[in-house]
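These notes open a run of structures that come right after.
You will see chain A twice below: alongside chain B first, and alongside chain C after that.
The block that comes next holds the complex of A and B.
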């Protein structure tokens, strides 16, 4: 960074008005209790954003994929199987190494979203159940994800995109992994939330799922949920994951057709 | 007849594998055999650059952005503006902070954590050229002299590294500044400067910069990198060619075909004749790039009119 050392940046100090607080409280009540309200982008509660996915944007990588869900844009590259950089003992199974990072301009405020170790660990947990590690002993498969723009539901999109990139790289897997998340507003459940919706949610639930085998590789839950609602949310996610997996398979077919 | 066809098919496949093996094992000899025929491994002529595309407004949350593809090399440039206090030495100027990023997705040579060695070199080169070419007038980034001015964060991300990274980075930076739109700002009661939302009618404070929303772009610098190998000059080398050939020179020219910068980091000794040939190639390249950029700017203006 070459900004002048003496230069300081500041944002405007916003006066917290009583009127604003009341309006905020009223909006929260409306979100939680009303049974039907239109989402900002016109979707109904159980509609996902249109998904655009594509393989092969990074030719330097063994496999890569690009995903765009509304405003969220993610690019994932897969390298390997290749020799591990770290000196390690021999192992019968390979290693899966995941790293998630954000661009500095991914969020409305520059430089946010730089602490992504948790996302890297969650991506690793979601994928390692699906990758056949025994097929590349002693070597490492590196999965690098870069979030170009963060528009909500980032991690599920990263997981789906990474799964597509692994398939593009020819890594053997039991099944594709797709992931979808939902947000909870009082008694309402909405799927594939945007950033604005995530900012207001009471709780969230994310499912990473292998549709063909009907197995869940990861389930994370935050906030307050009742038992019945959890079941409904998981089923909603699994259904959406199956539909998303159809899209991924279509992309892989298209890619292999082009290769011939 | 069928046996002959099968034999031909098998021979073809074996031939392809042999060519690929030769390419991997003897890359220099492979390249030289192509150059003897005045052709390159990807079927280009030595003086030919790869097809280039520019897409403006690639990042919706940025004030200016551009996605540039130079062959397989992909660069994403983004500019964000923040209000800051100008320095005492230049109270009526804004400033620009340039950062070039090579995330691990772009190349097998880059690892997370440790930045690539070439990234700060390109950052510095980009900053030097943007400043010294006179493309930007920093006084235009001033809002209130001595009190408030814009700090422009230019972030260039390499999405795919396939050679000529600096050329692609410069095109994307120039395109992003071309696309840059400065937000409206007002001065609050306490004298603080803040940005106004899209709705101009709601602003109850006086707008500081109602008229000036676009930067005046005058001298636009464009660059061309050439790889030099014996008597051959290869314009716009790929990553493979860059890894084989140790000598390269980068020429940067402005709108008047004047030289902004020549960089030749080491390598073999080179004659002035070769350098002049590179400059000549860079002039042709600059004109083509300017056409590409102008086409995109005009297309964007048409889009905004609709």
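The block that comes next holds the complex of A and C.
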């Protein structure tokens, strides 16, 4: 069951090679200065990209969701609870299987459309703290995430979209999980980085957060950070996660009202 | 006894994690207790169920009625409709197709053991005279079973074969709780027949 789309998402004009090179040089020049400068797409440091989310794009799945954040496009399907494979041992609690894959056309350089095992493990870790596994013993819930276009900050969007899909499927959860990442440039912290920004970052931090319960299900840190900056970055992420969760709840309520 | 819901029209829509009330309420379906709060665990409408008359606990129960609950899953105590897939000397394998009155999206494997076929003369049960592959049976889920199958039981009058075909392909009509007769040829075959309601 699909919900009506409200706000449209912005799509930046496709940049030519020349424009892209200019933008990268401008970004490199801005990195040297420690000031609040507008980013390549016009955002300030603490602005997220426009978000579009929708439930129910995959009719065959128990639940599904589609998300766009700027250029990043993700679709997640949830199947189950269904019978576990015979090879698996008996389990008093349910199982959660996650699989993240990229399409061949997701990246600027055409790839092979590989499954991303690292992202699958991280998605599983982010979600298993929120799903009530004891409510479906002996069965399995499968989450399939497909990245249609990779535009930066892919994994946080996959986690938020998967949480929306699980709620759409009627899987019992303690709370919705939303996720946001930040990048570190010198003394500055920018939120929801794009691919270009991720390529030049000094470090990155990703938080998967359950806003209603105020609990973090996953924290991933790379690069160089000072202690004080980590605290600021985590608080910035949690605040952004809470705002994103409000969007998810609105989307679910719209879908729920339309179903009546 | 079932209590009627206060709000027949359905309350506000809540999503997982949202606060439903404090410890003055009991957590019902679709809700869970979190310390002193009660929170929703699925998306749906919030309902308040008054306490049953005469109960010691006078707290109301808050529950969430899901707009789109996930597919049916067999639970111990559920009555299921299954199709027999394999009959062996001591057990029969069956694919669960319906749980209570809801169809499952993907099949679950069930197993009817020899001792669960009927309530009388358990030692003398012959599996091949109780079920045939392809029969549709109504059964009760005894337990989650093992890694391979749920344990099913037909040891009640209302449980057993509800639809079957004969060897020649005709529909079998129940004539007693142990026999069915072919419509076309009149041939009588042995089955553990469910009592028709």
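In this text, the second predicted complex is superposed on the first by the 224 of 260 C-alpha atoms of A that agree within 3 Å, B and C clash if a C-alpha of one lies under 4 Å from a C-alpha of the other, contacts with A are read in each partner's own complex, and residues count from 1 in each chain.
Definition applied: a contact is a pair of C-beta atoms (placed from the backbone, for glycine too) under 8 Å apart; a residue touches a chain by one contact, two chains touch by 3 or more.
Everything numeric in this text was worked out from a predicted model, so none of it was measured.
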First, second, both or neither for A:70, with chain B first and chain C second: neither
First (chain B), second (chain C), both or neither touched by A:193: neither
Which superposed partner A:149 touches (first chain B, second chain C, both, neither): first
Chain B versus chain C as contact partner of A:82, first or second or both or neither: both
Which of chain B and chain C A:173 touches, first, second, both or neither: second
Chain A residues contacted in one complex by chain B, in the other by chain C: 1, 79, 82
Residue ranges of chain A in contact with chain B within the complex: 1-4, 6-13, 57-61, 64, 71, 75-77, 79, 82, 85, 99, 101, 103-108, 110, 142, 144-146, 148-149
Of all residues in chain C, those that touch chain A in their complex: 10, 13, 15-19, 30, 32, 34, 39, 41-45, 66-71, 73, 105-109, 144, 146-148
Chain B to chain A touching residues, read off their complex: 59-62, 65, 72, 74, 76, 78, 80, 82-88, 95, 97-99, 101, 103-108, 111-112, 127, 151, 153, 155, 157, 159-162, 188, 190, 192-195, 239
Residues of chain A defined as touching chain C within the complex: 1, 62-63, 79-84, 86, 88-90, 130, 132, 135-139, 167-176, 210-213, 248-249, 252-253, 255-257, 259-260
